[in-house]
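One structure coming up, written as structure tokens, with questions to follow.
Every chain is named by a letter (A, B, C and D) in the order it is written, and numbering of its residues begins at 1.
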């Protein structure tokens, strides 16, 4: 029997009939005593945030909830509902889409910041090395719609600056983020915005989250918008809606 | 052109380059000013909770985050990671499983409470009618593992009682929940626990959430545990792990 | 140990190291000796089709592979690829969408045919009863794009007629399908086409598949188109593509 | 308007009301005239297989349909059904799991064969280079359960040998596969089996499929087993089944 119960190991949860301990604390002592954001932190990391950390963490979670049906994830959720899917399946359909190019950009941005951090003092070389390995796209900067500024980034950066001022975080990754923005804007001769992935990655890096968690936390955050749109669509009705009205089809480029 | 941009309609988000308004408020005015739980409420419903409502809402969200790999959703997330899936796909795989019998039980429990509420004064008839339409299972009560008590339910009920005492909620659905528990325990001659679906459904009903949102909010809550387990599994490694070690297969019952 | 290996029971597969039996036949005796369509039939049902049954079965599987990005499933697959998802996750995202209103319509059509069959001789009453329980939509008939005829249906019906002529199937469900088409066309005063769900449902009913398998087999069939589109999109490239170009957003109808 | 219909481009499907052409052929001319396997080939590649190619292709598709609930994908499908998911969502949940370590192994094996092919004559160096870039695991060889032989591989290899004898394929990738098997068996001093990923990858490489399609075609093939198990579970019933009976939990390794 032991090799069956050994098959999965966890330090997150322990339980027996009538008892559920999460990260070592009975669940009933957490309910009503920690905020949802603190609970996320505790579950994912195993420790508790300070109030200043929790404040920054909530700001990042709040900032990324939605970008409308322009985002493939949000559109997919609404399409899924019109195919008759209940909310759990609509959520899953949409969260599944938060892959390397969508929700994964935050993960790559945290990796980039760590990479630049390890090249302290030589940003140009750091970016060259990054591009040699990962291609020309610098994750976390530029936006095809929000030009010249993504309104979420300056606000998030102001909160990081406040936290750094109060010594709640180091501010190191914020400087890195802003240096990258300046560098690639200079290279292109155009003011490139820091986007939502780049800005939340600054916060997640400042708070010590590993890169994959930037993707994971983006998923939690965006799930809020996905749920809201799926629910709104469910109330609106509509059946089997593709991306556009039927008469707008696609371009056939076969021979 | 208009029939393309009319294809999706929303009152959740409005934007143009450089501007994102969520439920009528510029995103930068929300970031740093509302908690993550308040943001969920705002996005899903369009209004803001009072502090007492937000407190109860957070309690419900905190309570359902995890039930270990005994829950199909959590097990699926860990299995998915060992198949090489990144966190977004592992989350989606698991949230997809929160169907009618898993995350959907909360939705059914809210429906049941509304159904009983509409039969004020005649619980036995209300339950008979419910069973005639939905079958013998009463959603929200009983647990195959936590006997005689699911530790989450009494704590959540205490918080509802406090809120009702302070007139933050009516307490009506709590009475209904407790009456159902008493009734079906009497019928079976055994103390049946209110489970996590039944307890959070009391809160969601008290707060005025429509039944499908009990499922949707459970998905947001459980996503926290799913993410935590997926991340822990990613750090542990392991490849292509099925439910049990390979030598424990299954029972073949073919001829 | 026994209660672990008893947890899952199957008559589909039996194996031990070096041996895999599928539906009672060693896998190596199936490989190279049965067609893929015959293998699907064997796995799902446990028996083997006659050549005439296999021919009709393949026709149904071939007919439903694709309806272009107008179909939410196909569009979702292409969007998913531009989010960086590999083919398995793109497939899953799209197949997930084949819900009650999309792939589920075939399941409902088989149910409808069985329902009508049980009311032999009184189609009008059968349809009235159906609508009283399920709402006004008659699954399997009508198409918002293919008017007046969905080109797949007449071809499939010709094959069923041939098979009935040769006594390979009864033809009973084909008559039912055509009677429904005539009846609801007369009611509406317009020639309503039998659509792909209605036509494949005739075949699945003739071949004795249970209603949920009409949905399941549609998923296998449509997976072919989904894979083809996902792969084409992967070769085209493109990043983070929502349903329409960014400037075509949506209609904001908030206050 | 044009930039909307240009947003998606395809050479797979063209249509207008009443007309659906797939790869340039009216759908009604394909239905009843091509096998399901030929249709898969046509849709994915745009051309038609010879009978010998189609025979080998079907063999590969038939071989990988199932490996029981030992495979995470199959277990996930059954768990999903007990959570109340209909067949499309159960299929999606399971196919989603066919990631880099599961269904993706076939893709990697085709890449490996191409890599070895490009180092003609120097297998040891080719394997060293592969390991330097990808790590120590050689995809397509070894099996934790089927020792010393996976029964599917010898049968598939016999069919490839026959086809090569008849000049239907070159046999080049079969030689590569067998050379790799011999080399790594010699290195480890133990007879390592070619597994299902390695064997189907030989066929897909011989037939000229790009590496990602080995993953994609594995998904189509395994979908058959997934559907069969999901349907069997749906008939069995069972509610909310995790990987093992509730009393078998997991090992808690927290402090």
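Worth pointing out:
By our rule, a residue touches a chain if its C-beta (ideal position, glycine included) is under 8 Å from a C-beta of that chain, and two chains touch if they have at least 3 such contacts.
This structure is a prediction, so every number in the text was calculated from the model and none was measured.
The pairing of chain A with chain C is characterised as same-residue: of all residue numbers used at this interface, over half are used by both copies.
Seen from the Cα centre of chain B, the chain whose own Cα centre is farthest off is D.
Mean C-alpha positions place chain B and chain C at a centre distance of 32 Å. Centre-to-centre separation of chain B and chain D, using mean CA positions: 36 Å.
Spacing of chain A relative to chain B, judged by their CA centroids, is 22 angstrom.
For chain A, the set of residues touching two or more other chains reads 1, 4, 7-13, 15, 68-69, 75, 85, 89, 92-93, 96-100, 104, 145, 241, 243-244, 248-250. Looking at the complex, you find that chain C touches chain D at residues 3-4, 7-13, 15, 17-20, 22, 26-28, 30-32, 34-37, 39-40, 43-44, 55, 58-59, 61-63, 65-69, 75, 78, 86-89, 91-93, 95-100, 103-104, 145-152, 154-156, 159, 212-213, 215-217, 219-220, 223-225, 227-232, 234, 236, 241, 243-245, 248.
Listed in rising order, the residues of chain A touching chain C in the complex are 1, 4, 68-73, 75-76, 79-80, 82-85, 89, 92-93, 96-102, 104, 144-145, 239-244, 246, 249-250. Considering their complex, residues 1, 4-15, 23-24, 46, 85, 89, 96, 243-244, 248-255 of chain C touch chain B.
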